[in-house]
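One structure is given below, represented as structure tokens, and several questions about it will come after.
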Amino acid sequence: MSLKDARRILALAAFLISVFWLIPYLIAVSGYWNFYFTLTSVALLSVASAGVWLTFYIGRINIGQGAFALIGAYVSAILVTKAGISFWISLPIAGLFAGMVAVLIGLPILRLRGVYFAMITLVLTEVVRLAALALPITNGAKGIVSIPLPSELSIFGIVLIPDFSAIENPKLAFYYTACALMVACYAAMYRIVNSRLGQLCRSMQQNEELALSVGVNIAYLRVIIFAISSFFGGVGGAMFGAIAQSVYPSSFVVKDSIDFMLNCFLGGLGYVFGPMLGTLVLYFGWDLLFELGKYQLLIYSCVLILVILVLPNGLLSVRLSRILWARQ
Amino acid sequence: MNRRSIFSAASAALLLSMAQGSVVFAENPLLKIGFVGVTSGPAAAWGISNQRSMETRAAWINEIGGYKIGHVMYDIEIVSFDDQKDPKRAIAGMEKMAQEGIHYVVGPNVDNGAAAVRPVAEASGIMYFPYAFPKELYTAPASNAVLGMVANYQSGPAIYKYLIDEKGVKTVAFIAANESDPLSQRDSGLAAAEALGLEAVSANVTYQVDTTDFTPVLTPVIRTNPDLLVLSGVSPANAPQLIRSARELGFEGLISTETAQDAQVLREGAGDLANGFISVGGASTPEIASDMMNEFVARYTDMFGEYNDESNTKVYALEYILATLAANPAGIDDVEEFKMTMDTFEAPNPYMKGDAVLRYVGTSSFGQRRQLSVPLVVNVFNNGEFETLLVAEVD
Amino acid sequence: MGAAVTPLLEIRELTRKFGGLTATDAVSFDVQEHEILSVIGPNGAGKSTLFKMMTSFLATTSGEVLFRGKRISDLKPHIVARMGIVRTFQETSIFKNMTVRESVLIAQHLRSTASLSGYFFGSRAARSDEDSFGRRADEVLSFLGISEIANERASNLPQGHLRALGIAIGLSTDPVALLLDEPFAGMNQDETMKMVSLVKSVRDRGVTVLLVEHDMAAVMTISDRIIVLNFGKKIAEGTPAQIQSDENVIEAYLGSSDDEIGI
Amino acid sequence: MEQVIANGLYLGAQYAMIALGLTLIFALMNVLNFAHGQMYVIGGFVTYTFYGQFEIPFIFALLASCATLAILGALIERFLFGPVIRRSSREESTMLLAAGIAFLLDAVILLVFGEKQRGVPKIVNGVFNWDFRIIMPYDRILICVIAILSIVAFISFMHFSKTGRALRALAQDRVAAELMGVNVKRYSMIGFALGAMLAGLVGGLLVTITGVNLGMGGPTSIKAFLMVMIGGAGVISGAIAGGFILGMLEAVGLAVLSQYGDITYLAIFIALMVFLAIRPQGLMGKPWG
């Protein structure tokens, strides 16, 4: 094992320990219970942002992740409330459904690049919201409310996940679930980026024509990547629906789509863990500035602009972290 | 590594600011009341009128030495959280309120926010006072939400009935923004109108929230030539444009809405064209405003430069919370005590002339008392001012 | 029937129209195995369009391309590439932010045996692919004499190395026919001569090479045969000596104001 | 039907003007300016302040809007976009900056002008009514005419003035323009200022009809994006065409689909997606990737 590998494993261990042990410990000691929800949100939003990052990775600006998050939230909510399916089964179905929609939409629109793709995805967010308002199965404007908390998941009588409504602290349970999702999602991303798959994606991002002429099936690859991206969006959205126990057509709107994209930019498009850090800073930053009252938005935007001026290639372009983040 | 350092810096910053916060008010014990709502972006007016009316009232109370609950005088502090009209943020806001040990929170302002905070509020023992109408929030088994205003399915029938009797209205048309809250309000308004025997000649036309020119939207509606045009759930920003476009298209019937509006905005945006426009308001019209209401308006204007008539209805939530706590001081830390008091609570309404009372209502709509009895004041706009058309009460 | 070997590529009546403009007009010729064939012509003669159609990057308006007697027009570009007909482009024919070795690794994609999910999970096929790709990449780089720049970023390379990289990318696909688009453009005498010998050595590996080129001196030295296009039409075909004395060609070039072409 | 066409024309003229500034900035710097709508709102509020509050003649208030926005645009280009574009490795990164600026302007608007909807007195009273076939208030007709005149003036400026030609050269090919001796830095700033000024102008014009509030910014930007896409990104004539087409689509869509209310915009948006998927470069644009 090389030194580099050893460092990586150490960094991973440190990350896992801080997410699953240190942060809960600090929260318990300091009594800031409300950070659980904020961090849960960060974890889930960073899963959706990871999807956007993946589409950036194949050279597409994706401002449509809100649409897939909303689709995911509705699929899960409908399955749980109308079909009585366990949330834990509905979660992957929500992701898969979002992925399927992505394949259908992606086939025609992934041919586009640059702002053209960006605009279509932006319109897509609005289309899904309007469809949610118009379709009967989504219960229209009234939304789906009073969704039960996730129930028990057991296989052969062995309880894998306890019933959330029965446990003492569902906040903590949601936090652990969200973090587990996040870790799984970023592990998958890391693997994609550092395998040949990642090289193929980068070849597409940098020169689609050349990639095509050396035999890369870019049409197939980009649909697959877009589907994975939307899968992340769907899962993130479904989980949010479970926490809020309600879904409305306006649960994820254009602003969310834009936020997902901004998370990626802020963290750095060249770094796998960019969207995670970007989400943390953008989302958590807003909460921290809560004390500023009416100047909250002013200070928030000024800080944001300053960060962009100093680090136009994202937060992670500060090289203090070669150990943790593989530079692409 | 990075994440951890940000986290600890954050905790430090928060601790520091909280320490400062508690130093400022030292004389009386502090009672914190929360506000979670939208104070930035397109719908900012809703939340800001809410927040400002609470801050005005709190400053006023503190100036005169505090609010007496039990044997203690409390200073009131308003803790506000801007949810940006995003249900995810609203949950974070409610968590923050729980963190601050707050048990009474005004808001959120929209349906999806109110629905989203419900799990947190119930788990953390928070009573919240949304300005959102979904009945599920107020009907058992839900018990922590209290509707902060008159719902449109309550005010609508009162207005329609009045217009049928007094103005001979027979046909009605609805127009709403293509968004959850206005659409729900349109649907319930439509049901109410039909129950009263009105014929709905147009109820399907909607507009995008970001519409700035309503002529194309209204053209087909006006063609149906209704006696009454209802602007369901219209935001104060859109109301003057809608009125203006309708009048310019030659519409001569009545126009009404079941949401609160601001006279200044109507005056600027539609001028004389808004004459005769019927909306729901609070109690600031001269006919019914008490001295206390007038002083409230004066103080609000002092503090923030300009009054917003939407605050007429929004002044009540804070007053109700404090008065109910005064009636049963045990409620300060225990919302179950508060809930028990709600069923019997009654106090004079300081903002209205006459013998109006503050009490909790809602049994006929929700099966339990989970609504503030805010006077249902129906105003008509005339030459730049609101005049009271009728006053009613909801049960 | 005659005992003539089937040509590697047969171009038959290939036509492409853009709106009212005819970019190539019923162009036909054959490409034999192991030859170096150049396509020349004044600017706008339709050379690049021709290459694009041969590799399916552009749909044909009419006509067809046969590869070893089988029709390949209308196939997807990456399928054509997989059959061994590979095109490299002008200056931009690189992956800017990749190293030379990474680019060459990517270029071997059409020889991969593992599936995408295989690469994700690191299946046995994927691992053996990676090994063979690596060996092959090193071999190609040393063959072209550019091993020392293997870990340089493409965006940092000088002109000459860029072209070599372009050829390396083309060569790593293990092509049957390599279509080079202006490989000598913007090079000085020295660089051009190096490149010429490089192209020749590629052919000596058994690869058929097609060129689109402006540099007459290089074309004349390197080509076995030359096709001349003018205004989308083929006006001449033959050995360098034949072309140099062809009246149509001389007229086409004199008639054009293209003075970079020194005939 | 006449009413529908009149509505469409009127909507189209105002949309086209909004899209013009956006497409100019896009053509020059390849920046998708998310803050364009906020600039429009500021234009509206400045005119409101001068004309509505201080009762200065409308035309001067309008000029004040233009001047404010031109200066603001120049500053934003000089100190924000310029440096970031030079230093970022992927040009999309400017989107984050644009969004940051949009947030900032939103915050400033909220603090300076407040949360309420604002309106100004009508500049012309009366309604043109052609036998109930076309009903159009005179102020709308006036604004529509001014908008069309401004568009014509802008196009002439781009074609016949030295600055305009330099800007067009810049838009076509930055490198070539630099080689031809165009001062790229200076003209980028002028172009951005001009784009912002257009936003201010249309904001100032429309405040007389639609009023203004702080929430109009974001949706306006998005609508402007759509128009630019329909016409073709970075093409002036495309933006104008896009504006008129979207205006017509809305007018016709709302008239035809009004009984299905909820799905009018759904239909418009889906049609847009299909159109863009088939013809990504829009009506007049060149493919860009």
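The first chain written gets the first letter, and so on, giving A, B, C and D; residue counts start at 1 in each chain.
Assume a residue touches a chain if its C-beta (ideal position, glycine included) is under 8 Å from a C-beta of that chain, and two chains touch if they have at least 3 such contacts.
All values derive from a computational prediction rather than experimental measurement.
When the partners of subunit B are compared with those of subunit D, the chains appearing in both lists are A.
Chain centres here are means of the Cα atoms, and by that rule the chain farthest away from subunit B is C. One inter-chain figure worth recording: subunit A and subunit D are separated by 33 Å, centre to centre, where each centre is the mean of the chain's CA atoms.
Averaged Cα coordinates give subunit A a centre that lies 34 Å from the centre of subunit B. Distance from the subunit A centre to the subunit C centre is 43 Å, each centre being the mean of its Cα atoms.
Taking the mean of the C-alpha atoms as each chain's centre, subunit B and subunit C sit 71 Å apart.
The set of subunit B residues touching two or more other chains comprises 39-40, 178, 183. Contacts with at least two other chains are made by residues 130, 133, 255, 294, 297 of subunit A. Among the residues of subunit D, those touching two or more other chains are numbered 106-107, 110, 218, 222, 262, 265. Those chain pairs judged to touch are A-B, A-C, A-D, B-D. Across the complex, subunit B meets subunit D through its residues 39-45, 48, 178, 183, 202, 204-206, 208-210, 212-213, 215-217, 219-221, 236-238, 240-241, 248-250, 262, 264-265, 268-271, 305-306, 308.
Against subunit B, in their complex, subunit A makes its touches with residues 11, 14-15, 18, 22-23, 26, 30, 32-34, 36-38, 41, 45, 130, 133, 140-143, 145-146, 149, 170-171, 240, 243-246, 248-251, 255-256, 277, 280-281, 284, 286-288, 290-291, 293-294, 296-297, 321, 324.
Residue ranges of subunit A in contact with subunit D, taken from their complex: 56, 61, 108-109, 111-116, 118-120, 122-124, 126-127, 130-131, 133-134, 208, 254-255, 258, 261-262, 265-266, 269-270, 294-295, 297-298, 300-302, 304-305, 308-309, 312-314.
Chain contact summary for the complex, subunit B toward subunit A: residues 1-4, 6-8, 10-11, 13-14, 17, 21, 39-40, 80-82, 84-89, 91-92, 95-96, 98-99, 110-112, 115-116, 118-120, 123, 134, 136, 178-184, 187. Of all residues in subunit A, only 188, 191-192, 195-197, 199-200, 202-203, 206-207, 209-219, 221, 224 touch subunit C in the complex they form.
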